[in-house]
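The two complexes that follow have subunit A in common; it is paired with subunit B in the first and with subunit C in the second.
And then the complex of A and B:
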């Protein structure tokens, strides 16, 4: 009975590879999600993940299903859209979320068009939905490198990034580090989304960024704890998703995204920090203890 | 504090004008904030007080004239008017106050034990000892203003600019924080504050600048405030 939890990984190399890919995704992407959430920019992450599509498609169009070509293409497209959206926000009256939404629609349409120019619908499926059970060495190495770079770079820019998040005026008065940190953060985000698309596809690449972070938020208040928890939740969701996919014979990347979503819904309903359960508790308790919990 | 002597930074303005968007809102200011002076800036809403502060801070440059600092010192400390969006952000009092160490430790250096001790002293100086690990987003308006003052203390700057530091703050908090301001003055720092409460200005500020798009009066508080009184 217990063997069902580990036997697939012992018996099948592709399951081990999938798990390794998911570990690097969790470690790299989940902490970034916590920052994204604090900046109320989850939708920007979503938009960026679609924005890499035309670059990936262009790489595919020119070089076929090659990991380096599609990665470089995706990276360039993601950075271009991030820079363009940032510039539009600075130069016009449009807010950041709106300009990202506009650019991502353009990118998505352009990407699908580019792939349909040459590819089969199987290739389109691969790019849109990923193939976590068919990760080759190149994709795995890429994922692990991106996770390593992410964790190290995040540690270096952590302080200015956090200050920039909640007191941008103060960060600006202290110099350029806040702005640089923000740029590094966007770069890391694009890197992780590009790393994630091989496994999860451009449509679900953002799952590891958004879902574990959103779930962790219901269990811990401090940012550090949220980041650690998000990584753990990402790992748990990957494991559950891969096992479900193996035993029930369902699409793996969708199973992983759904497992992460289940963890999110569980956290949202019963986590100790601001979940449905916690809020309900507050509403019942308040009238019973008048005066307590008020501000000093 | 008290026994420390700081060389305050002075500011000299020569016919300095500042714009907000496309309009000149502060026109032709000439004069001097002497090192170690304590000056209140008063005037009606829209008089250009915040714009002038930002000009003194160097956040905006003068569109005409000049602002000259008496010495190239460490960064100026500035208390902005708005409550910068900390609501719900997971940062506690100690971390928030430690942000004031930025000019010294930048983004990488550690908060060493002596520096942490300074953070603790600053928190105590604004009367928040024991609340080091409360979330800033859950503090009342007055407590939050105390925390921001603690961050200014930690910044340890020779020139401190305050934009309406006591707006919407209760009396006790105002009294406590005003004590911090007079402490800075006693240490020799230059302090410039935008204020609306003329009683407070009369009681604590030796110098006053009355602003309404241009300088109506600038000098000893009693004489400056006289221009605001209706002519009999």
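And then the complex of A and C:
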């Protein structure tokens, strides 16, 4: 019975490839998501994932479905938007979220325009939705390299990055180091989004960054534990999603994103740290204070 | 804002709507009349029909294809310019059989009053099983040259109706084109004679070659369930792989309107031969050898026999 459940991974190479792609996505993207969460920048991740579209589109239109061209294009577009948004935040009165939102919209519209100029709408859909079932050697290799780089680089900038999250004042006194860490972090984020885009498409690339990290938040207190858990949850979600796509005959990338979402909702409702269940217990224990309203 | 102000705004909107309706009801222009010496303006729904009209009409017509080369007629969205093109045209040619569902609406909204040619009129329709098991007519009738001859006859008749003065020219060119198509048909049949039955099954990315298969004795398995959809499912891929293994399908072909990466995956999984690019619903852009209907049929046949002939 159980063996039958696993059988698709034994029988079909494309299932193993899809799983391998998801493993590198989980390992690379999920820990970044934890830091993103800590910095309250989850929506920035979303914005960045859409921002890579014009670069990907340009690569696609000039060189077809070529992994390097689309990757380099997406990387440049993502970094450009991140840099522009950062610059606008520093030089003008606009906050980071607003400037990111503005630039990602410009970027997304440019991408759609580029594709509609040259390609058919089928082209656009390929780029928007990716194809986790059609990962070729180049995209697998790219995913694995990105995961490796991002784990190593994150280890190097981990301390200044975390210090900046908790104590911006101290980080500012440390000077240059914090700025570099911040830059490296954004670079890693864009790299992972570009890697994820091949499997999940630009619309759902950010799923591996945000959902496992948000779910892990409900199970562990320390950042390190959250990162480890997020990777585990990412793996579990990919496995469940791929199996669901096989057994229930549903679209693969959507099934993976939804499995991650199910894990998130489960964690949100019953995890030990600040979930609905945990909070409910706390609310009952809390002493009633005057003026707090008639709760309990 | 008061309730009265809101009501006034709504009433204003209503009057604007009335105005818009009156515009809509006024005929935009009478059917363009042909000035002597000017070409007959023809609009074709997609590139293959446009090529046929060009062959039959020659210098007497100017043809525009609504869906361009390499475009996918299944998911085409007409632009305002397309409406304008239709209004300028005196003849519109469509394939029918549900191939371009957008065409009747477009013809209506452009208030087209010229000659409408239904290319598949009189074709023996092949019934196919749709995505959800529903039977529907297979619109890709041009893949059989026997049907292409019917297309040509329909186009010839429509052009003569729109431009009786040019009848002699249309008849002569149609006869010449039909002769070339007949020769092509014989060449294709010749190509596949001697190919053993075991080597006559292939996978293509969408269900476009049923007529070709019926006419020339090949079996095309469409990968559309897993492939042409933008959202491929793991089950769809797996069942296709099973089918290729079970039925000993020897070659897998990529069409010019589908994601080639999924086909590469299939080849890796099954050991089938990866054939070249097949042209189904659109001629390729540019001046390549497959840029005409005859060229396309020749290119497809060459692609098929090259892969099937090399099967061990």
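Keep in mind that, in the parts below, the second predicted complex is superposed on the first by the 285 of 296 C-alpha atoms of A that agree within 3 Å, B and C clash if a C-alpha of one lies under 4 Å from a C-alpha of the other, contacts with A are read in each partner's own complex, and residues count from 1 in each chain.
One rule holds for everything that comes next: a residue touches a chain if its C-beta (ideal position, glycine included) is under 8 Å from a C-beta of that chain, and two chains touch if they have at least 3 such contacts.
Note that the structure is predicted; figures quoted are calculated from it, not measured.
A.B. asks: I'd like to know which partner A:168 touches here: subunit B for first, subunit C for second, both or neither.
C.D. replies: first
A.B. asks: Give the label of whichever partner, subunit B or subunit C, reaches more residues of subunit A.
C.D. replies: Touched residues of subunit A are more numerous for C.
A.B. asks: Using the superposition on chain A described above, determine whether A:131 touches subunit B (first), subunit C (second), both, or neither.
C.D. replies: The answer is second: A:131 touches subunit C but not subunit B.
A.B. asks: In the overlay, answer first, second, both or neither for which of subunit B and subunit C A:250 touches.
C.D. replies: second
A.B. asks: In the superposed arrangement, does A:65 touch subunit B (first), subunit C (second), both or neither?
C.D. replies: It touches subunit C, and subunit B stays clear.
A.B. asks: Classify the contacts of A:266 with the two partner chains as first (subunit B alone), second (subunit C alone), both, or neither.
C.D. replies: After superposing on A, A:266 lies clear of both subunit B and subunit C.
A.B. asks: Would you sort A:153 into first (subunit B), second (subunit C), both or neither based on which partner it touches?
C.D. replies: neither
A.B. asks: Based on the superposed arrangement, let me know which partner A:13 touches: subunit B (first), subunit C (second), both, or neither?
C.D. replies: Only subunit C; A:13 stays clear of subunit B.
A.B. asks: With the touch criterion stated at the top, can you tell me which subunit A residues are shared between the subunit B interface and the subunit C interface?
C.D. replies: Overlap of subunit B and subunit C footprints on subunit A: empty.
A.B. asks: For subunit B, which residues count as touching subunit A in their complex?
C.D. replies: 57, 59, 75, 78, 80, 82, 84-86, 89-92, 99, 102-103, 106-108, 135, 139-140, 143
A.B. asks: Write out the stretch or stretches of subunit A touching subunit C in their complex.
C.D. replies: Listed in rising order, the residues of subunit A that touch subunit C are 8, 11-15, 17-18, 65, 120-122, 125-126, 129, 131, 133-134, 136, 242, 245-254.
A.B. asks: Per the contact definition, I'd like the list of subunit C residues that touch subunit A in the complex.
C.D. replies: For subunit C paired with subunit A, touching residues are 70-72, 75, 77, 229-238, 241, 257-262, 264-265, 268-269.
A.B. asks: Spell out the part of subunit A that touches subunit B in their complex, as residue ranges.
C.D. replies: Against subunit B, subunit A makes touches at 38, 156-157, 159-160, 162-163, 165-170, 173-174, 177, 181, 221-223, 226, 295-296.
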